[in-house]
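So, here's a batch of structures to check.
Both complexes below contain chain A, partnered by chain B and then by chain C.
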Partner chain A sequence: MSCANIIKKERTSVINPLVTCQPMGAMYAVAGIRRGLPLVHGAQGCSTFVRYAFARHFREPSEIAVTSLHEDAAVFGGRKNLISGIGNLAIRFKPSLIGVISTCSSEIIGDDMGGFIKVAIEEMKKRMGEKEAEKIKIVPISTPSFVETHFKGYDNTIKALVDNLACDPTEFNEKVNIIPGIVNPGDIREIKHILALMGIEGLILTDISDPFDSPLRPSATEFKPFYPKGGTTVEEICDTSNSLGTISLCRYAGSAAVSLEKKYDVPAAVGPIPIGVQNTDQFLRNLKKFTGLEIPDTILDERGLLIDSMADIVSRYLFGRKVAVFGDPAITSGIARFVCELGMIPSVVCTGVESPEFVEEMKKVAKESDEPVDVLIRSDLRDLETHLEEDPVDLMIGHSDGRLFAKSLDIPLIRVGFPVYDRVGYHRVPIVGYNGGINLIDRITNTVFEKYYDKEHWKLQQ
Partner chain B sequence: MQNAFKSSKNFEKSDNSKKITNSSNQPNKSSAEASTDKIIIDQVSESIIKTLESRLDHMCIKKSDDERGPRCNTASVPGIVTQRSCVYGGARVVLMPITDAIHLVHGPIGCASCTWDIRGSRTSGDDLYKTGFSTNLEEKDIVFGGEKKLFNTIIELNSLYQPSAVFVYSTCVVGLIGDDLKAVCRESEKITKCRVIPVQSEGFRSFNKSLGHQLACDAMLDHLIGTGKLDDKLKSEIDAHPTLNIVGEFNVAGDLWAIKPLIEKMGIKVLSVLTGDSCVEDIAKAHYADLNIVQCQKSSNYLARQMEKKYKIPYLKVNFFGIGDTAKSLKIISEFFQDPEIMEKAGEIIKTEIETVRSKISHYKKRLTGKRVAVYVGGNKAWSLIRAFEELGMNVIMTGTQNGLPEDYERIMETVSEGTLVVDDANSMELSRLFQKYQPDLVISGAKEKYMTHKLGIPFCDFNHDRITSFAGFKGFINFAKELDRAVSSPVWKFTPKKYQGIQNE
Partner chain C sequence: MPFKLFEVDKEIPDREKHIYVKDSADPKEHIPKCNTTTIPGCMTERGCSFAGIRGVIGGAIKDVIHVVHAPVGCTTNSSGSKRYPTSPDLPNGDKVPVDQFNLKYVMGTDLKESDVIFGGMKKLRQSIIEAYKEFPFVGAIYTYATCTTGLIGDDMDAVAKQLTEELGKDVVAFNVPGFSGPTQSKGHHEGNITFFNRLVGTKEPPETTPYDVNLIGEYNIDGDNWILEPYLKEIGINILSRFTGDSSHDEICWMHRAKLSLVRCQRSANYIADLIEEKYGIPYIKVDFFGPKYCAENLMAVAKYFGLEEKAEKLIERKMKEIQPELDFYKEKLQGKKLWMFSGGPKNWHFPEPLKDHLGMETVAVSTMFEHEDGYTKIKERVGEGTVIIDDPNSLEFDEIIEVYKPDIILSGIKEKYKAHKFGVPGILIHSYENGPYIGFEGFLNLARDIYASIYSPVWNMIEFEEELEESEEEVIK
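Moving on to the complex of A and B:
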């Protein structure tokens, strides 16, 4: 049993940030809705740079509209831009949902988004007819860029969707709501796979798996305008109040689950992300609790495959190695725990947020670690780099932004999470669930071979 | 090679445009005559594509008797998926290649997070410019002002890195809360003795990021160029050789390294580059040069014009994309100096390089001839690539920019051949409709457009920050031909649905 040393960044500046601002989390969440369109109420860069980031990571197009605020809006407010923006988007794209996402500028100007949306709906009715206009749901999402990070933006968005759309409960739909967090298409597919084996229908809030990993098959895609297949439907979001329970896979995005519990008595379970053995066990226990269903043999077999792979590999190649984990607070805490399960030491865990939930989670992880864990919160990559210069590790696990100092410190970087733009396929390969655990072990061990063993040696097979 | 997409009938049929309510059914007379051009357009409808009425005159087809370009430089329609960026983005692309400076973004974290280390500019020295710096403005800073935080940040960063300069970029928030960027920069400059340069690039200052380019140029003009001292070393260099600055070359993928040797071979010294692979001190001495040559005329004409006014340095517009244009550029540079030795050397370089390039590209040219290209870029490349494509036997059927100014479209209209479609500020829906309608064999654009193009089954070649191969100069042209061939001739396009009907269910 060991302890967690919580270290907060002392510097004023942020150098090589680990987080971005709220609207990005909102754009990600809205992109997971079938025929859902994010409309960013801000300057053009607010949407453009996020589209670029999504393109780089997912290698997929993303349609994100913007109200193109300019100087006159700073003086007179963004009313005109928002109202005509909603109208133009509605008429041209015929979306099912428009998520109106605020930014730093629109929040400071003090635009009354709720009020403007009401006017916009009236205008839409005039332009498109009442019936057509009513088909389009418009959800205001408040994401001031100068408060917290994109994780909060994601949380705010899922909550706004549920609060605006969840209907009064009618009867149980036998489904379980899942809030995945900012994860990859492969992760969501793995969650769906687990649910399918359990015989549960999941309601993913929101499901980016198909929109951000879609086939090149024009006949199967709606092209005019371009909408990817898949995504959570608006009807499904309305139906969340009838579900058996809500599981948020990340601690930072529990607001919607709590809201559903308070308003509609849909029981909530928030975190942990099912990475590694114990966290995935926990996820399955939650599923069992909400549905009353037994865990089938097929899943126990998958668990057994993970354990088998751990038994075969861990003691020989991984045990005792020191690891630095950084990035998304949910993913890092999940990986840190898994690292302990593999007999390695998460000697430093670094994230850009400052959240009590994350600290609590890390304290638990530290108890499972043989050696103390340095937990850097509200941190950045420069902090991690200087930390590692003094106290080096054998491996780093995090996203691509760590690549430069990984190279200069000569520590191998195992890529996980968002963004990964300098390797391919990582958005498709899950790291959650038992199967994800196997993928992670393989990825970690092969990296250890490359770096620390004579990789052509025949004894490696033993 | 067979042109895979000549027949676009299947696609046209599936074009169920009735599904889209549209406010733009008026006939557009200007495009009705386009059917006489060599581009095969089955039927020209009333407008080029369906779009909002206010957008119709942002697209036009070049005709011999009418050189007017499309309407441009207007605010984007709110509520479209724009391909444009913000003023901050514009300023940042111009200044970010300065390698030994800190590029500090004064704003909420996102403005820095989304833009650090995304400019594909390469360096031969310092790599400080690849680091992302932010003041991370938070709620309390919005309420009480961010000046103190900015000041502390500059002092802190200066002691951590001892940079040659700190560029401080203003973002939307700073404009709204009214931080006095200039005053803070002045104050911190006094204490740090390091150049602290304000860039007033509030994102929403204009719909056109060209303003950002201009503001970045202003930052260099007001605070950097002209501040370098003429020391003995520099004096002896200037006395020994004719000198020039390369303006508007950002060394994306190492383009500069293909251009600079050509100029040096002619016996001309490159005094400074604005701003690819540059150091702060070199830029400070730029005003000692005899000549400015402007590569990216979208972002940097303004800088050259201002330097002409202020320092009487004449400038030449050059273009190092394509064989003919590279040769022409070398020729006009050599002619400028009126030195027989330089002119002779230029002639030699052009002769030998052209021969090498021609022999090396013949293989690719065979495979590329006849292919139809659509170009949609930030500015300069909308005209500077046209001749390069023609040299490979390819036809540019469409070109356009996100941020073009009237002078840019003038250049485009004089460069493109008759029948070429010219578009301004096309949004994602318009682009996909244009690509579906005109079925180019290749699209040249940036990362945001790449995957949308692929989803339409059209090959794509990146000519933006994400490019990793140099395309400039004679050697770059060989790379360019190779990259285009890779994009167009990749076997995957045999399996896209239009071509591969074998297992379609519908």
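Moving on to the complex of A and C:
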């Protein structure tokens, strides 16, 4: 048993952040709604930079509207922009839902989004008729950029969706709500695969798997306006209050689960992200608890395949190697625990948030590790770089923003999470669930081969 | 009927003024309405003025650390996103000790709620001091206003002035909050003025020659500078200062010592050339090096200014000989293909003619994010009859352009590229390129190769499942 050394960044400034601001999490969440459109109430950069980031990572389009705030709004407020913005978007795109996302500018200006939305709805009724206007749900989402990080924005959004849309419970729908957190399409598909093997219908809040990985099939695609395939329907979000339970796979986005429990007695389980063996086991136990269903052999066999890989690979190639894990708190904590399960040492774990939950999680991981774990919180990539210059590791696991740091440190970087833009396919391949564990072992071990065995290639002969 | 209201715009009829179909019979002043604010609720491809100054101009300089005065998002967003590599060499013979320093690091003040309430100046001061401690080798520290700091009214110039004295290093504040101006163009403009007022004329170059030029508005996208500079060198022209691709901070400070300025990007950097001419009497030539013909003409014009025509002729002749056979191949393959050019601004008038002359391609649609009247006038001159010219197209218009004008390829940014693919239309990146550089003679071949590879990728023949094949087709598949 060993300890976690909690190290807080000393600098005031941030150098190459590991987090971004709240609106990004909100845009991600709304993009997972069928015919759902994010409307960013801010300057154009707030939507454009995020669309760029999504395009770079998913290699998919993302349709995000903006109210285009300028100097006049800074002086007189963004009322006019928001009201006409909602109206134009509603009438031209006929979405099922508009998520109105605030930014630093609209929050500082002090726009009364709730009040403006009421006026906007009246205007919409005049422009498109009451019947058509009522079909479009408009959800205000407060995401001040200067408070916490993109995870808070994601959390606020899922909670706003549930609080605004969940209906008064009628009867159980036999479904389980899943809040996946900020993960990849491949991860959500793996979660759905597990649910299907269990015989459970999941209600994903929200499901970006198809919108951010959609087929190129012009004959089966909606154009004018373009809407990607898939996403969670508004009706499904309304139905979340009738579910058997809510599992948030992300410890940092559990507010909606808690809210559903308080308001509608839908039991909640928050975290951990099912990366690795024990975390996935916990996910299955949660599913069993909420549904009363047994875990089928098919899933236990998949678990067995992961265990088999670990037995075959770990001791010879991975055991005892030191790893630095960085990125968002959810994926980072999951990977850190999995690294321990592989007999490796998560020497450095680094994230941009400062959260007591993360510290607790890392203390648990440290107990499972043979050696101490340096936990860098409220940290950034420069902080990590300085740390690794003094105390190097064998491998880094994190996203593409660490690429130049890994290069100058001459440490191989295994890419996971968001964003990954300098490799392809990572948004499709899951890292959650037992299958995700297998993918991760392969990814990690093959990297170890390249770096530590290619010179003496005969070592890999048998 | 030169102006056109798209079917998808009937609810926002003001858009009609922004869309013009070229007809030579129209008066010259018929061009799209431009450089005005976007209609709220549109999915615009435009960015903010912070992106204009930080992303386009500031970020290309090799030895500057940038401190973004903002909540964390603006710093994250401006990290490593633009593709402008740098060489480590500095004018005094030193080297920047970090590989691709400008691409690797970005700093921010990480403003929180309490800073919004009580002001962020203390944090800004502290962050700049930390920047100096972390990267003592930098030539300067630049700091940028954003929406938050614009709204809370931090006096960044005061902090910059004080720290310039205390640190003995230039600290420059760019006061262009994201919301200012209709597009990123405002950021370019204000940024030019700050560079000029604050830096130009403050340092002297180690040496000068009679053939010194400023290369202005060339950002070394994917290595464009590294194609152009050898041309100029061979002709006998010396680049004294770059603004700002592969530039060092000091070079900008001595732009007043050149004999001539060459203005490559005439949307983002013409302002500083004007200011330098006005104050120091240094003339400038607007240059266009995209496409072999323009490149040759403009190299000759620059050479002529210095009386170096002979060397330029030799270079041009050699280069044309080198690229002609491959160019002919692409022309044969791309003849008659239709394209939609959607760039930030000037590439829309740089490319239609070269693509027609050298590759036989027809530009059916042109659109820009932030072009102004002068740019649209040039675009109108250079495109064919019936070409649709669109200012700031929104997402629904995107669909209609593809439906009506049926381009074989779109040359655009990354956000638009993947959407075009969903329609079955190939797209290539024209802002940062696919496999660039695209400037100059060999650069144009890279562009031609990327267009060819995109249009002729076998995938476009397989996009839909076919229930039955004609017998002859079956043979081909086998």
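Remarks
In this section, the second predicted complex is superposed on the first by the 456 of 462 C-alpha atoms of A that agree within 3 Å, B and C clash if a C-alpha of one lies under 4 Å from a C-alpha of the other, contacts with A are read in each partner's own complex, and residues count from 1 in each chain.
In the analysis below, a contact is a pair of C-beta atoms (placed from the backbone, for glycine too) under 8 Å apart; a residue touches a chain by one contact, two chains touch by 3 or more.
Source: prediction; values computed, not measured.
Under the clash rule set out above, the superposition-derived model of chain A with chain B and chain C contains a clash between the two partners. Contact with neither chain B nor chain C is seen for A:Arg79 once the two complexes are overlaid on the shared chain. Judged by the touch definition given at the top, the superposed model places A:Thr67 against both chain B and chain C.
Look at A:Lys94: by the touch rule set out above, it reaches chain B but stays clear of chain C.
Within chain A, the residues touching chain B in one complex and chain C in the other are 11-17, 19-24, 39, 42-53, 55-56, 59-61, 63-71, 73-74, 80-82, 84-89, 91-93, 103-105, 108-109, 144-147, 149-150, 214, 216-219, 221, 223-226, 382, 404.
Against chain B, in their complex, chain A makes its touches with residues 11-17, 19-24, 39, 42-53, 55-56, 59-61, 63-71, 73-74, 80-82, 84-89, 91-94, 103-105, 108-109, 128, 144-147, 149-150, 214, 216-219, 221, 223-226, 382, 404.
Those residues of chain C lying in contact with chain A across their complex are 8, 11-12, 37-48, 50-51, 67, 70-81, 98-100, 103-113, 115-116, 123, 126-127, 130-131, 134, 146-148, 150-152, 177-183, 395-396, 398-400, 403, 413-419, 421-424, 463-464. On chain B, the positions that touch chain A within their shared complex are 14-17, 19-23, 52, 75-89, 104, 107-118, 130-139, 141-142, 149, 152-153, 156-157, 171-173, 175-177, 203-207, 209, 428-429, 432-433, 436, 447-448, 450-452, 454-457, 466, 496-498, 504-506.
Of all residues in chain A, those touching chain C in their complex are 11-17, 19-24, 39, 42-53, 55-56, 59-71, 73-74, 80-82, 84-89, 91-93, 103-105, 108-109, 127, 144-147, 149-150, 214, 216-219, 221, 223-226, 228, 352, 382, 401, 404-405, 407-408.
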